[in-house]
Amino acid sequence: MTLQIDTLAYTNRLRQLPPEHKLLFAIALLLLTYCTRAPIQLAIAVWLSVWTVIYAKIPAPIYFRLLSIPIGFWLTSLPALIISGVGLANLSSVQADVWQGAPWGSYYLYFSHHGIHQAGELAARAIASTACIYFIILTVPFTEILDVLRRLGCPTLLIELLLLMYRFIFVLLRTASELWTAQQSRCGYRTWRLWMKSLGLLVGQLLRRTLENYRQVSLALESRGFTGDFRVCHSRRYQPSRRYSLEAFFGCAFLAALAGWQYAVGL
Amino acid sequence: MLLAFEHIDYTYPGSPQPAVQNLTLRLPAGKRCVLLGHNGCGKTTLFLLANGLYKPQRGVIRWQGAPLQYDRASLMALRQHVGLVFQDPEQQLVASSVEEDISYGLCNLGLPDAEVNRKVSEAIAHFNLSELASRPVHHLSLGQKKRVSLADVMVLQPKLLLLDEPTAYLDRLHTRDLMAKLHQIQAAGTTIALSTHDLDLAYCWADWIFVLNEGQLVLEGTPQDVFAQRETLEQIHLGVPLVFDVLDKVADALSKDSQTTEESARHGLPETLRQRILDSFRAG
Amino acid sequence: MLLAFEHIDYTYPGSPQPAVQNLTLRLPAGKRCVLLGHNGCGKTTLFLLANGLYKPQRGVIRWQGAPLQYDRASLMALRQHVGLVFQDPEQQLVASSVEEDISYGLCNLGLPDAEVNRKVSEAIAHFNLSELASRPVHHLSLGQKKRVSLADVMVLQPKLLLLDEPTAYLDRLHTRDLMAKLHQIQAAGTTIALSTHDLDLAYCWADWIFVLNEGQLVLEGTPQDVFAQRETLEQIHLGVPLVFDVLDKVADALSKDSQTTEESARHGLPETLRQRILDSFRAG
Amino acid sequence: MKTRYRKWVNLGLMAGLSCYLLLGSATPASAMHIAEGFLPVQWAVFWWAVSLPFFLVGLRSLTRITKQNPELKLLLALAGAFTFVLSALKIPSVTGSCSHPTGTGLGTILFGPLTMTVLGSLVLVFQAVLLAHGGITTLGANVFSMAIVGPLVAYVVYKTVMKTGKQKLAVFLAATLEDLLTYLMTAVQLALAFPAVQGGFIASFIKFAGIFAITQLPLAISEGLLTVLVWGWLQQY
């Protein structure tokens, strides 16, 4: 089993750009997202989607399916944001906030103006910042993020744990998906009860394999001269692109200027 | 035809090239079929497709003439008829004891406990597992695990038994035992198809051989016919069984050897003799 | 002698019987050694002992004449000289990209980054891994992982290379590539010892064969000498390489064949001819 | 005119509701993770600031332990990877829909709460990077609810109920309550960030908690049962 996002991160068209450039670009836009309002946020979302889908050649269906995750979360929380209730007695105090509403028992349920406004703002911010994060996770492989963190001086243990976890995740994920397939082939997961039973067996086996793996991997590490640290090296063979750097720089500058102008005129 | 693949395409998500491409292949009932090919030629994918675990992106798979349906109930029915033994028994064995593991498939069919127990103890007797029955699975040797994984599937009495590289990594003794067991299963009326990259095994055991390369069917036929296509087999770096190689070398040596008589010098090795030797390996 | 085991006993904690028992075995320098035996005969344990990963409960292991010391510094030195490639590459590869993984052993030696990078890129070129260098380990196929795990160890330039079942689960094509690579490594001056239960592989490749059974050394010698001991090998259910089997059948058939001449009928297959044919399989 | 307008509103509402149910049920997978960009800047920073000390304390204690025994790093990484894979499995909730377990309950019982805080945080990082669940700005908030509150609850519940000697009950309650408290914490975080005009934090909390209860309550029970099953398997092993 492979993880789609991880695979794309290694095969996208912007892979050869230095990871620092991509990270800096996306983080700058993320900060900008948090300082501005809906119109600029939407512009950021669209511009980054162009980078991700057109420049990095991430297939659009995959990208938009991923975008449905924050949208789904937004929809889930939407009722809580826009629907409000108030005792009929206090109705007059919120009259200004009511857009549409109906009495329900001794309560009055209504769509709140404030809530709708808030939900709209939230949607723009969520989409824009999600686009920033997706640009990172879809174009920068995790190993390269790790390399950047290493050079930024993150605690060694943290880096080592992330390095090893990343490797083991794929080992265990493969085991889990193999077990899952084999169970399917023997008619498991047919009913809720069987599903729970099969899943219980799978998790138990997975844990046993994990411990077995531990013994074997620690032998292999010893044999490779384990010193107590996990240090690895890699040569850097990135090719910065002037065309992309220029677009990123001037785009960011333009958006920042726009944001400044917005503040100045007090929008 | 028991199972037929018709113009099947399958590409794994995220993979640039297809694992199986425009593949048409028919498994005849009652035969001992072997799928031959390198690692990654699409053998495993084919079996997973046959078991309804993957759905082809193009083409139709037919079980006894009817195209596969991918709803839950049809898949259950299919998987009862088509048993799949995975290459790595580690992948297949999930429960903690041998007995429990054999009962897993039966329990999933929703059979009453008494019947499950009866069938499990039959299978245990049939596969000589009585000594291992209550042993935890992870204490077994590879050969024993393979035997359990075969019992796991056979307890469901499938009509077609698929085995993915059943002899991979087994030593010779265990391989011989396994093949004998498969002979017995086939004699009792189950059609068997196994995949391997062991040419000698294929030659010894098969009635009918399919040669796969890069997701496509390259050759099919009786072992004699298939291995006569030496050139094609060399082209896909598969070669021919060792027996053929040795016999060719013997013939070569005999014809070069000045000490031998006129006749040997002319023919190398007489054709009838060659056939007889080749056949002696087919007994199994 | 490069590495010598003298009267070694080793029992795994919690196991009723010893994995290795009173074993004396000497690996000669510069040879291609093969340890032959069934699964569980003690081959893996022997390699783990040789690498100082386990400490024998009795007996002495000598590296170039000096008994092994089990303090950290001596073990580090030993493991630089004795490289061990594990059977399952999944266990050996720890870093996330191929390049990083190859660098791991070098980084452990505390070499400066520039030298590490130089050696890594040499190894990448030498093992034809350039295309894979920046690929994550989990995207590789089994054959590629095996190649990386060999590069991992060879980058440290060991004097003795131990390989535990290097051809397990590999198909013929990958096996041939791997064996060619090992030939090259041995020719460059590294002694190699590998374990397998593949008799044909052992016959084709080895200079010197050790046959292990139940933790004990049963036979040792040149392939010709070892496989001449047919009876002993059959007793431990190992058998002889297929080539021997085929030639015996040929001889048998020739001697029975009334059409052939007097001479053939007497000898079956002349001894010189038999030798010549057997030798022809040793080249590869 | 007025009735016509009403009709349109009703129609719109119906369409909105069905759309909501459709999309909402399709993505309960990440319902526990507050998505990227959801928290206003002050709250994002606040939760980062709250979680970071817990994480650092956990990391320091692990650093100390691994200094003495470096091989433990391997075990820790494997435990973390195990938790990640657990949370990527599909678990059927009692209502019939599918979701993912958090795995924190089982992890805490096996590895202890402090270790789980560090591992849980790393798992959240991987979920954000490899599965696009959660996010970086909301990582602080998610870490607080899933890797600090969750393990703590699981640990306290497990230890308390274990005193009565009912092991299975202890495991079940630990996993279930851990799930529930995690989602209540998420509701608290969202309510703090988006208080209602009328009724403020409390009203908002009731609304968020009510919504999440639909998906999370059945899931919590399922996860509790699953953890008991796994526990039984482990006892046998």
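Going by the order they are written in, the chains are A, B, C and D; count residues from 1 in each one.
Throughout what follows, a residue touches a chain if its C-beta (ideal position, glycine included) is under 8 Å from a C-beta of that chain, and two chains touch if they have at least 3 such contacts.
It should be emphasised that the depicted structure is a prediction, and the values quoted were computed from it without experimental measurement.
Visitor: Looking at C-alpha means, what's the farthest chain from subunit D?
Guide: The chain lying farthest from subunit D is C.
Visitor: Which pair wins on C-beta contacts, A-C or A-B?
Guide: A-C
Visitor: Could you grab the centroid distance between subunit A and subunit C? Build each centroid from C-alpha atoms only and quote it in angstrom.
Guide: 46
Visitor: What whole-Å value do you get for the distance between subunit A and subunit B if each is reduced to the mean of its CA atoms?
Guide: Chain centroid spacing, subunit A to subunit B, equals 44 Å.
Visitor: Cα centroid separation between subunit A and subunit D, in whole Å?
Guide: Going by mean C-alpha positions, subunit A sits 16 Å from subunit D.
Visitor: Considering subunit B alone, which of its residues make contact with at least two other chains?
Guide: 96
Visitor: Which residues belonging to subunit A are in contact with no fewer than two other chains?
Guide: Each of 2, 6-7, 142, 163-164, 166-167, 171, 197, 201-202, 204, 208, 213, 217, 221, 226-227, 230 in subunit A touches at least two other chains.
Visitor: I need the residues of subunit D touching at least two other chains; which ones are they?
Guide: Where subunit D meets two or more other chains at a single residue, that happens at 233, 237.
Visitor: Over in the complex, which subunit A residues touch subunit D? Could you list them?
Guide: Residues in contact with subunit D: 3, 5-6, 30, 33-34, 66, 68-81, 83-86, 90, 93-94, 97, 100, 112, 114-115, 118, 122, 125-130, 132-134, 137, 142, 145, 155, 157-158, 160-169, 171-173, 176, 180, 192, 195-197, 199-204, 206-208, 210-211, 213-214, 217-218, 221, 226-230.
Visitor: Which positions of subunit D touch subunit A when the two form their complex?
Guide: By the definition above, subunit D touches subunit A via 9, 19-20, 23-24, 26-28, 30-31, 33-38, 41, 59, 62-63, 66, 70-71, 73-82, 84-86, 88-89, 91-92, 94, 96, 106, 110, 118, 122, 125-126, 128-133, 135-137, 190, 194, 196-199, 203-204, 207-208, 210-212, 215, 222, 225-226, 229-230, 232-234, 237.
Visitor: Subunit C touches which residues of subunit B in the complex?
Guide: Residues 38-40, 141-143, 168-169, 171-173, 197, 199-200, 237-239, 242-243, 246-247, 249-250, 253-254, 257, 259-261, 263-264, 270, 273, 276-277, 280-281 of subunit B touch subunit C in their complex.
Visitor: Which residues of subunit A touch subunit B in their complex?
Guide: So the residues of subunit A touching subunit B come out as 2, 4, 7-8, 178-179, 181-188, 190, 194, 197-198, 201-202, 204-205, 208-209, 212.
Visitor: What part of subunit C is in contact with subunit A in the complex they form?
Guide: That would be residues 48, 51, 53, 76, 79-80, 84, 86, 88, 90-97, 99-101, 103-110, 113, 116-117, 120-121, 134-139, 152-153, 156 of subunit C.
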